Each structure stands twice: as structure tokens, then as C-alpha cells.
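Both complexes below contain chain A, partnered by chain B and then by chain C.
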Partner chain A sequence: MSTLKESFTSKLGTDARQDGNQYPASVTVFHVPRERFIEAARAMKTSDARLVAEWATDETLFGRGFDILACFAKGPEYLIVKTEAPVEDPAFPTLTKKFVAAYRFERQIRSLMGVIPAGHPDPRHWIKHEDWPEDAWPLRKSFDPSKPIPRVNGEYNFIKAEGEGVYEIPVGPVHAGIIEPGHFRFQAVGEDILNLEEKLGYVHKGIEKRFEALSWTEGVKLSGRVSGDTTVAHALAYCRAIEAMTGCNPPDRALWLRALMLERERIANHLGDIGAICNDAAFAFLLYQLSRLREVILRTNDRLFGHRFMMDRVIPGGVANDITPDGVKEILSELDSLSGEFERLIVIYDENPSLEDRVRDTGILTPGDAKELGVVGFVARASSQSLDCRILSPFPPYDRIIPRMAVLQTGDVHARAWVRIEEVRESIRIIREMLNTLPEGKISVRFDPPPADRAGFAVVEGWRGEIVYWVQSGPRGEINRCMVRDPSSVNWLAVEQAIHGNIVPDFPLCNKSFNQSYSGHDL
Partner chain B sequence: MLRILHQIFRTGIVTEPLPKEVEAEIGIVGARLEEAIIKRFRRSLTIRMVDAGSCNGCELEIHALNNPIYNCERFGIHFTASPRFADMLLVTGPVSRNMEIALRRTYNATPPPKLVVAVGDCGCNGGIFDENYASLGGIGKIIPVDATIPGCPPKPVDLLKGILRVIGR
Partner chain C sequence: MNIIYPAAVEVLQFLILLFAAPVFVGWVRMLKCWFQGRTSAGLLQPHRDIMKLFYKDVVLAENASWIFRFTPYLVFGATAVAGGVIPILSVGLPLSATADIIALVALFTISRFFTALAGLDIGTAFGGMGSSREKTIASLAEPAMLMAIFTVSLVSQSTSLSQMVNVIAHGEFVLRPSLAFALLAFVLITLAETGRIPVDNPATHLELTMIHEAMILEYSGRHLALIEWAGMMKLFLFTALGIASFFPWGIAAAGDIAFLPVTTVLLLFKLILAGIGLVLIETGLAKMRLFRLTEFLGSAFLFATLGLLSYFILE
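Moving on, here comes the complex of A and B:
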């Protein structure tokens, strides 16, 4: 089997020029002329790659136009295809017809960067709501982010179903529970859902633009607040990207502590969400039991790391907190009791027929759809996709402490819950191993900002799945662009697909089983 | 079924034995809160939570108020799905441009006394997101705020204390 790089060069030949400013070097970047962008995507499609992310950068500070980048992956290999568009003709050929995942990425590129995906099937803006002026392109360098943008009249046209008995249900942006805002538009007949359409962007805070006003070390604070439930993984992905750019190597002890925090974040979120899924199937018992266990983990985080979610503990060059031998003992004994309690509860989950009736065969994301959409994380693993960056693209200590991947085929609510149950077990196991092999030494090294015109790339498996950062330094060595791709950016598409054939009252349950981030998506 | 009952008995009431450092605080806050709620809201304070642009960190901690350890319902604090039933709006921020209208509508739909509590550093002043084309800053920039609960995110105990501060006045 040839690598993506090999099949790329064999198809594109001399038209593909390799970029030397990209770090780490294991991630290849190919420049292609604009007219061959589609062909490049076709080569990736025939090599069975998935589209990881697609984004644009404004290169005017370098005296260039716009760059459009598409990142593909297959197994452990990541490859970025880059093409240019001049300022006077900001357009590129759409990849949406080849890769469904490009659908929203490209709408977003058009909305926020003002670069047109020519031939894109959907002319509606994304993130940029209908009351924004057409020419407000916040990611362009010429845009002044400090000025408020006026509201204009506009309308967002949802896809409508017609026929006898068809009606529409608008839900949100303010939802019934204590959750983030977003809008769902259902077309239904009786209880049956004909179509669900999401409209997101309500919590767009201008995060990517904000990065450009921050220093490299301030940036990590912001990355830790892209999605507050995934603060460790986002901060880690940001740090790994900028450390790759500068060749900064955090000490081993820091790497182990980062992984420890990453796994604790995974356990805490999985516990809360498994309970919440049960609650949405009217089995509140497990919500309360599991939220009790979650609280125990958070309190230990607070005691040992000084923050319940471990915000701002991962920093460029290492970590901010060390752990004492007593802290290690505390975690180990806590894991023993957690593991016992958890297993007792999972027996109850597994043996409850009324719960089983709700979670099985509900909200099915077929393996075919999962692959086509390019979903990641536990959503992918519940639908037969063997994707986990900890295993496919490991960094220490995951290169020697290897989690077992839980993969299920059914793609229903139960499968998504069960993958997470298995992952709690695995995280408990590997945390024990990490603590037993915790290296001695320093917990951070000095981080020096990167030189001008470089780009760093990193992927980290957060609890929702693969998080991607691509960070670029500008001509003065500042942050020129920070592209953030939360797992939600691709996985939200899957919620729309999984809901087909379900009934309206099962939507909260289906949605909870995905539990994608609004903030991480809207940025 | 037997397993469930067994687990319930095994777990017991976890609301009582709070960790020491929190226990004293929650006990005092809780009792005062209960008193205030009985006096002003006839035993029950109904809260509508609105995420006006947060990163979801604050939401997780507000959620925790409902877990059996903080168990805010014991003080008569109850979260509702509709602003029409709410005595108080608990709002997290920063207010995004795309949520501004929804926040105003929610506020307008809330009957008096319409107490508003801004939660989190971002709810107080925009936090790390600052003010820009997409983030309009703290909740107070958009609707009148009665109290603020800073923190990133504030801990559940701080949330309880903050709620008390506003209704105990």
C-alpha cells in the first residue's frame, strides 16, 4: 500500500511543490496550482483518505494573496494540499462534491474569509448569520475586529418539506436544558422526522481572529477556552503545534503529566455524558450515580492541579503543575474505588431492559455514512471507524502506553455510550500505567517564540475525538493565523444524518449521545 | 431492580457528607438561602439558565449544582425550561453578537422580579474573549445585571453563594 504522499506525487507529478516551512516535517504540505486543486482532492479520494479540515489564510502581510489549505489523513499519515488565490480573484474550486466534510468548511471560508468555493452547492453563509453585512470578512487582515458590525436585514432559508400533514418545529437557540445554544429545524409528519437541519454559529466569539491579537504564550489560555469541557486537549494541541514550530521538547515528566490530565478529562466527561444519556432515556438513577463519580474526579483535580477542569495547566514547554508522590498515591487509590463503583453501575446499565429499548437501534449512524462524512472520535468508533490519534499518531507516553481501541459496528445511541464506557475502563488502566512509569525530572522547559513565516500542525485525541491545530507565524513572528478544528466541526454533520427515521421525542437522546460542542464548532 | 435498590442503599445520601472544606460553607450558605427563598419566593426559586456565548465551562459547573452532592433543589432552587416561569436568569457569556437578540428576547419573556445573575469571568466582563466584532463583552452590556459571579468557571459553591447574594439583598 502506498502512502498518501506517494500516490499524491505519482498523480500530480511535477506540479506538486513541497513546502519546507511546515512543522513537524512528518506532515507533508504540497503546493498545487489552483486548477489542479480538484485533481489533488481526487487523488486523495482514490487513496481512501478522509478530509480532516479545510481552511484559508490571508497572506497579504507577506505580500501574497489567499492560501486555501485542505488537510487529508489516512491511518497515521496527514497530508496538506495548499493552493493560492490572488486578492483580485479570491476563489477556489469546491471539494464538497468529493468530500462531504468540506460542505461546512467551505461555507465558513466564504463567510469569514471571503474566498469563494466556486461550484459549491449551498450559497448560504455559515457562522455568519443572516443579519451580517455580506462584506464583513473577519478573518481578512484588512478587517478591524474592534469595530462592531452593523445588523442588516436578511433571511436564512431552511430546507422545507412539503405535503399533507408536514409541519416544521423550530428549536433554539435557547434550549430547554443547561446547554449551549444552537438552532434545530425539524420537518416532521406526526412524530416522524423527515429532515433535521442545524443552524449553528450562535456562540461564534471570533476566537480564530482573537488568537491573532495574542502572544504565543497568551494563546494557550484562549485555546483552553475554545470548548471549556475539553480544555486540556485543546491547550495540548495548541502547545504541540507551536512546540513543533520551534523544536521545543518538553521534558518526559511533562509529557506524562499532560497525558495524565488528558485521560482524567476523558474520564470526567465520559462519566457525565453516559449519565446524561441515561437521563434522556428517563433513567435518572444513573445520571445521579455517575455525576457523583464525576464530582469526585473534579475535586481531586482541584486538589492536585488547582483547577477542577485543569484549565491553564498545560503550557508551552510543559505543564504548570507537578504532582507529589502523595498525589500519585491519591489518584491510584481513587481509581481503585472509581473502577469498582463504575463497574457496578455498568452492570445496571447493561441489564436494564427499558433503557436498552430506548438506546438500541436509535439514532443510527451507519458505518458508510460515518466514513463518507469523515467523522472522528467516539462517534466514528461507534460506527466501525478505527480512528484514535492516541494509537495512530502517538506522542509519548502513548507510544509505549497504548490504549486499546473500542470499536463497535451498530452506530446507535448504545454503541456511542458503550464505546465511552470501554474508554473509561481503558483510561483507568493507562493512567495506572502512566503513574507507575512517571519519569523524574523537570516539568517544563523554556519556550521561545517561533521565527517568521512558519506553520505548525498538531493533532490530539480529546475525549470527543481528534482535535487539530494549524498555527502560522506572520512576518514579524506574531500569530498570523490559528486554525482550530474541534471534532464537532465534522461530527455535527453526522447528527443530521443519524436522525433520519427517528421520532421527534428521541431527538434529545440522539443528540446527547453525540454531545458535540457548539463553542468548539462556532469558534 | 434489586441491583438498583442495592446501589441506592449502598450509596446512601451523599448530599450530607460533603468534604470538610466545603461543608461549613455550604451549610451556612444553604440555610440562609433557604430562608431568603421562603421569604421572597414562597419556597422556590426558579432559574432559567441562558448561555449567551460561553465556552461551556460555566454550564458544566451549573450542571453540577444539580448533582446529588450539591443538590440545589434541597434549597428550593429549581431550573426551568422556560423564561416565562423564571424568577432569575443565570446568564453565561461573553454575549456573542449572534446571541444578543435571543438574550434580549429571553429577558423580555421573563416576568418580574427578573433577577439577572452574570456568571463567569466572561459573563462579568467578556473575559479572555474581550470585545470584538463577535463578542460584545459582559452580560451587563446587553441587559441589566443584579449580581455577578466571577470565576473561570466559578465553582458550584461560588455559584450557590452568588445566587444567595442577589436574593438575600
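Moving on, here comes the complex of A and C:
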């Protein structure tokens, strides 16, 4: 089987120049001339790769224009294609026609970096709302975030449907429940949804820009706040990226503890989600029972790690907290009672016909669409995509303690709920295994900031799916750019597709089964 | 028989309706909490909610017409009048002569009609959506409701509620299959009419899934208080109507003042049981998909028709 790298070099020949500043070395970076960027994407498409992320960097401090990077993946292999755009002509050929997932990445590049994806079918801004001045590009080095920005008038044109009986339902950005803000525009006839369009960006906080003003060790705190429910996975991805750059190897015990926290985060969030899905079908019993189990996990986190969500417990070079042998015993006994109660509740979920009627065949994301959009995480696994970074590109201890991947074919609400159920069971199993093989020793090593002009890349399977960090050091060894790709950035596209053919009152249930992060997407 | 006694009972019944309805809703919520393994906010929480709303200011949309402002009073009034017609404590009350069971159904229909209009009046997408859904349910539930009621009327040979209670409670006890069918139909219709699970979710905050709540989303302050209160009264009245039509034993005969304490205790007992039944249904079922409603209310209609048929064939 030819790897992405081989097929890339065979298609692009001598034009592809390999980059030596990229860490870890397993992730190859190829420079290509701008005019061959689209060809590179074509080569990736024919090799059946998916687009992981696309982003731009401002290289002013290196005395260059802009770099546009696109990351592709197939199985365990990640490959980054990089091209340059000069300051006087900030543009690059769009990849949207090859990879649907590029659609929003490129709109975002245009909005925030001011680099034009030439030939992109949608000229509207993304993340940056219409009341921003056209020439305010926050990710450029020349942009000063401390100055207020004038408010301008602008309009966002939603896709309209016309015809007899067609009407529009605007929902949000402020919702009646305690959830994050996001706008949904439905075009409907009666109760049938013709089209759903999302408009996000209401929780844009300038996180990527903020990274550039922080030191390497402060950065981990910010990454832990990208999406509050995924704090461990984000901090871990950031740490792994910068540790790759410096060759820092945390001790084994730290790796085990990181994985332990990652799995506990997964269990807690999945428990909450399964309950919330049931609650949206008005089956509140499971919500309250599963919330109670989730609360048990969170309180134990608080006792053992000093924080309910284990925020700031993963640090560059290791972890901030050790656990005692008593703590290990406490987790093990808690898992016993948890898994017993969980199984009893799952029987109720599984055997209630009225609930089953709601979750089956609702909000189907077909395997074809899932592949085309490049979705990740449980959304992908519920639509027969075998993607899990813990298994495909494992880091210790996942190379020794291997989770089983739960893959379902139907892609409906039930499949997304059931993948979570299987993952809770699996996480409980591997936590037991981790605690039984927990190595002794130190929990952290010294972390030295990386040298100038390097880039680090890391993927971590958070509970929503694959989290990607790409961090670049500037000419003085500072953070020049930190690209964050939460799974939500690609999975939000899937919500729009999954809703076709459903009725308006089923949308909340479909949406909850995806439960993507607004904060992680808007950044 | 003097005139003061029935009038006094009517007033008493009216007061019971006003104050017991929120307590009954509180009881249902309390049971629901217990069934889900939670502690409850107590029996009086709905009362406190209503009082809170009365203290709050009304926020009116700029384009709200008189229909929007008038509807809460009409809904409250119509529901309260319905409370005077149904024999909750005693038969032969002054108001019960003014309206029979068909007029009673019409009273509920009027308040629903105006609520739907008010939902449309503001012009928000949610209001229109709620009104459209509510009328869909109404068009299916009302015929089924009338059929179920006709079955009971056939048994008692009258559409007057007092007469119906008299025949069943004070006549000879017969097991009637027609009434069993009608009761089944009535339970299904009650769930739909009062917006309970599996038809509507009274506790939801999801605008897109709401039915009744979607119509009244724009209400606030005393308007919302009146509508909420009327909604609670409606649940209470449907329960009382079910009791009067199917389990009337214990409702006092006209002028039987000595029996009233027994009636009250029995009523309390029946309401407690009705609450348990309702909560069992609501806890055990998920809300059904909107388009399943036609099947749900269709089966209610079918049960009611079976009741009618079995009356003619068997009785």
C-alpha cells in the first residue's frame, strides 16, 4: 500500500520540497508552489485522504508573506502541504471543490487572516461577523487587539428558499436553555425542513491571536480553556505539540496519568450526553440518573486532582498532580459501582420502545456524507468511519493499552448515542488496565522552550474526536502561531447534512446527538 | 330545597378549583421528581410560581393587538366557567344547568382558539408554529373527545353532566364495556389536551419541539400567570371530568350537605391516584414524534367508536 508521502512525491515530483523544521518527524511537511497547491490536493484526494484542517500563518516576522497550510490524513499518516502567498497578492487557490471540509476553513482564513481563497464559492465571512470592518484581519501581525474596532453596518445573507408555504425559522443565537450561542436558520414547509444553515462565531474570543502574546507555559492554560468540557484533551494536544518541538519526553507515570484524565473526561462527558439525548426526547429519568453518575465522577476528580474538570492538570513536561495508592483504590472501587449502575440504566435505554422510536432513523448522517465531510470522533464512528487517534496514531500508554473501536453503520441519533455507550464501557475497562499497570516514578520533567522557527504538530482523541494542534515558534523563540482545530470545526458541517429529511421538532434531538462545541469552533 | 346551599357549594367548588389546581400540578411534579430520584420543590411551588408572575411587569410586543392582551383573561374565564359546570363536589349546582357536556367542550375550544390566535398575533415563527401544531392536535382530539363523551351520554341517556353522574353513581352498578373503551379514549385525549408527555413536554425549553408553550412564549407577567394558572386548572378539570364520568361514586347528590366531607376525602383520594397514574405514563414514555400524533389520537377515536358500538351491540 502506497503511503500518502509516496503518492505525493510521485505526483508532484521535484516541485515538492520537504520541510525540516516540522516535529514530530513522522508528520511530513511539503512545500509546493502556489500554482500547484490544487494539484497537491488532487493527489491527496485520489489517495483517499481526508482534509484534517486548513489554516494560514502570517510570516511577517520571518520577512515573508503568508503561508497556507493544509493537513491531510489517511489512517495513521498525517501530511501537511504548505504554500506561500506574498503580501502584495494574498491569495491561494481554493480546495473547497476537492474537499468540502475546506469550505469553512477557507472562509475563516479569508475573514481572519485576509488571505483570499480564489474561486471559493461562498464570499461571506465566517466567524468574523458582518459588523466588523472588511479590512480588520485579527490574525495578522499588524492587527492590534488592544484597540477598539469600529462597528460597521453589514448584512449576512442566508440561503433562502422560495415557494408556496415556505417559511423561515430563525433560532438563536440566544437559546432558552443554558447552552452556548449559535444561530440556526431553517427553511421549512410545514414541519419538513428544506434547509438548515448555521451561523456561528458568537463566542469568538480571539484565542488563536491570544496564544501569540503568551509564553509557552502560559499557553497550556489557554488551551485548557478553548472548550471547557474538553479541557484535558486540549491541554494535552497543546503539550504534545510543543513537547514534540523540543524533544521533551515526560516520564511514563505522567503519560499514564494523562491518559487516565483523558478517559475520565470522556466518561463524564459521554454520561452527560447520553442523558441529554434522552431528555430531548422528554425521557428525563435517564438524564437525572446519568447526570448523577457524571457528578460522582466529577466529585472524585475534585478530590483526587483538585478540580472537577481537571483543568490545568496537564502541563508541559508532565502532569501537575500525582495520585496516591489510596486514590487508585478509590477510582477502582468507584468504577465498579459506576459500571454496575451504568449497565442497569442502559438496559432501560435499550428496552424502552417509545424512546427507541425517537432515536432510530432520526438525523441520519450517511457514511458517504461522513467521509466526504471528513468528520471525526463519535460522529464519524457512528457513520461507519473507523477513526480514532488513540488507535490509529497512538501515544503511550495507548500503544500498550489498546481500546476497542466502536463503529456503527446507521449514522442516526441512536448510533451516536450507542457509540458513546460503548466508549464509556471501553474507557472503564482501559482505566482499570492503566491503574493496574501504573508505572512508578516522577510525574514531570523540566520543559525548555523550543528554539526559533520550528513547528510542532499533535493529535489527541478527545471525547468529541480528533483534536489537532499546530504550533509554530517565531524568530525569537516565541509562539508565532497556534492553530487549534477542535473536532467541532468539521463536525458542525455534518449537522446541516444530517437534518435533511427530518422535521422541525426533531432538530433539537439531532443536534444534541452531535453536541458539538461552539466555543471550540469559534475560537 | 333552598337556593343558598347549591350556591354555597358552587362557590366552594370554584375556590377548590382555583387553589387545588396548582397543588394538583405540584403533586404531579413532586411525584415525577420522586420517580426520577430527585428531591422536589414541594406541593406549593406552582402557587409560588404564579404569585411570582403576578408581581412581574408585562412586556408586550410592539405589534401586539387586542387579541393578544385579551386572550389571557378569556382563557382564564372560560376555564373557570368550565369549573362551575363539572360536578366536582356535588351534582345539581346552579351553573351546571346552564351548560351540558357539549357546551363544556366548546368552552375549552374557545380558549384554545384564542390562544392559537394570540400565538399568531405576535408574528414570531415560534408562535405560528405552535398554533399550527395546536390546531392539528385539536382537529384530531376534539372529535375523539366528543365520541368518548357521547358514549357516556348514551349510557345515561343525557348530555347533562349531573344526570350522567346520577345514573352511574346512584343507579344500579353494571360493568359496561362501552365505558371501559370510552375511558381509554378519554385518557389518551386528556394527555393530548393538557399537553402532557407523550404528546407535549410541559417541562421543555426547546422552542422547536414545543406545542402549547410555543404559542405562549411571548407572554409575561400577569398575562402569563393567568395562562399558566388556566393550564393548571385545565389539567385539574380534565381529571375531575374523568372522575365525574367514569368514577363518580362519592360525588354528593343534590342537596346532600352531610355527604360533602366524605366527597372531599374521596376526591382527594381519587386525585392522588390520578396523579400517580399520570406520572407513571409520563415517566415511562418518551415524547412521541410529532407525526405519530395522528396515530395516537386516531386510536383514541377508535377506542371511543368501539365504546359506542359495544354499547349498541352489548347493552
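Everything that follows uses one rule, which is that the second predicted complex is superposed on the first by the 523 of 523 C-alpha atoms of A that agree within 3 Å, B and C clash if a C-alpha of one lies under 4 Å from a C-alpha of the other, contacts with A are read in each partner's own complex, and residues count from 1 in each chain.
Criterion: contacts are C-beta pairs under 8 Å (C-beta built on N, C-alpha and C of every residue); 3 or more make two chains touch, one makes a residue touch a chain.
What you see is a predicted model, and the numbers here were worked out from it, not measured in a lab.
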item: Superposed model, chain A: greater residue contact from chain B or chain C; value: B
item: Partner chain in contact with A:86 - chain B first, chain C second, else both or neither; value: neither
item: Touched partner set for A:507, first chain B, second chain C, both or neither; value: second
item: Partner chain(s) touched by A:358 [first = chain B, second = chain C, both, neither]; value: second
item: Which of chain B and chain C A:121 touches, first, second, both or neither; value: neither
item: Contacts of A:176 with chain B and chain C, given as first, second, both or neither; value: both
item: Partner chain in contact with A:168 - chain B first, chain C second, else both or neither; value: second
item: Touching partner for A:285 - first (chain B), second (chain C), both, neither; value: both
item: Residues of chain A that lie at the interface with chain B and also at the interface with chain C; value: 176-177, 285, 288-289, 292
item: Chain A to chain C touching residues, read off their complex; value: 167-171, 175-177, 190-191, 278, 280-285, 288-289, 292, 352, 354-355, 357-358, 362, 503-509
item: Complex interface listing, chain C residues touching chain A; value: 32, 35-38, 125-126, 128-129, 132, 197-198, 201, 203-209, 283-292
item: Residue numbers on chain B that touch chain A, as the complex places them; value: 3-4, 7-8, 11, 14, 19, 49-64, 66-69, 79, 81-83, 94, 96-99, 102, 106, 127-136, 152-153, 155
item: Contact footprint of chain B on chain A as seen in their complex; value: 129, 136, 138, 143, 145-149, 173-174, 176-181, 201-207, 209-210, 213, 221-222, 225-229, 231, 272, 285, 288-289, 291-292, 294-295, 298-299, 302, 308-309, 311, 344-345, 347-348, 351, 517-519, 522
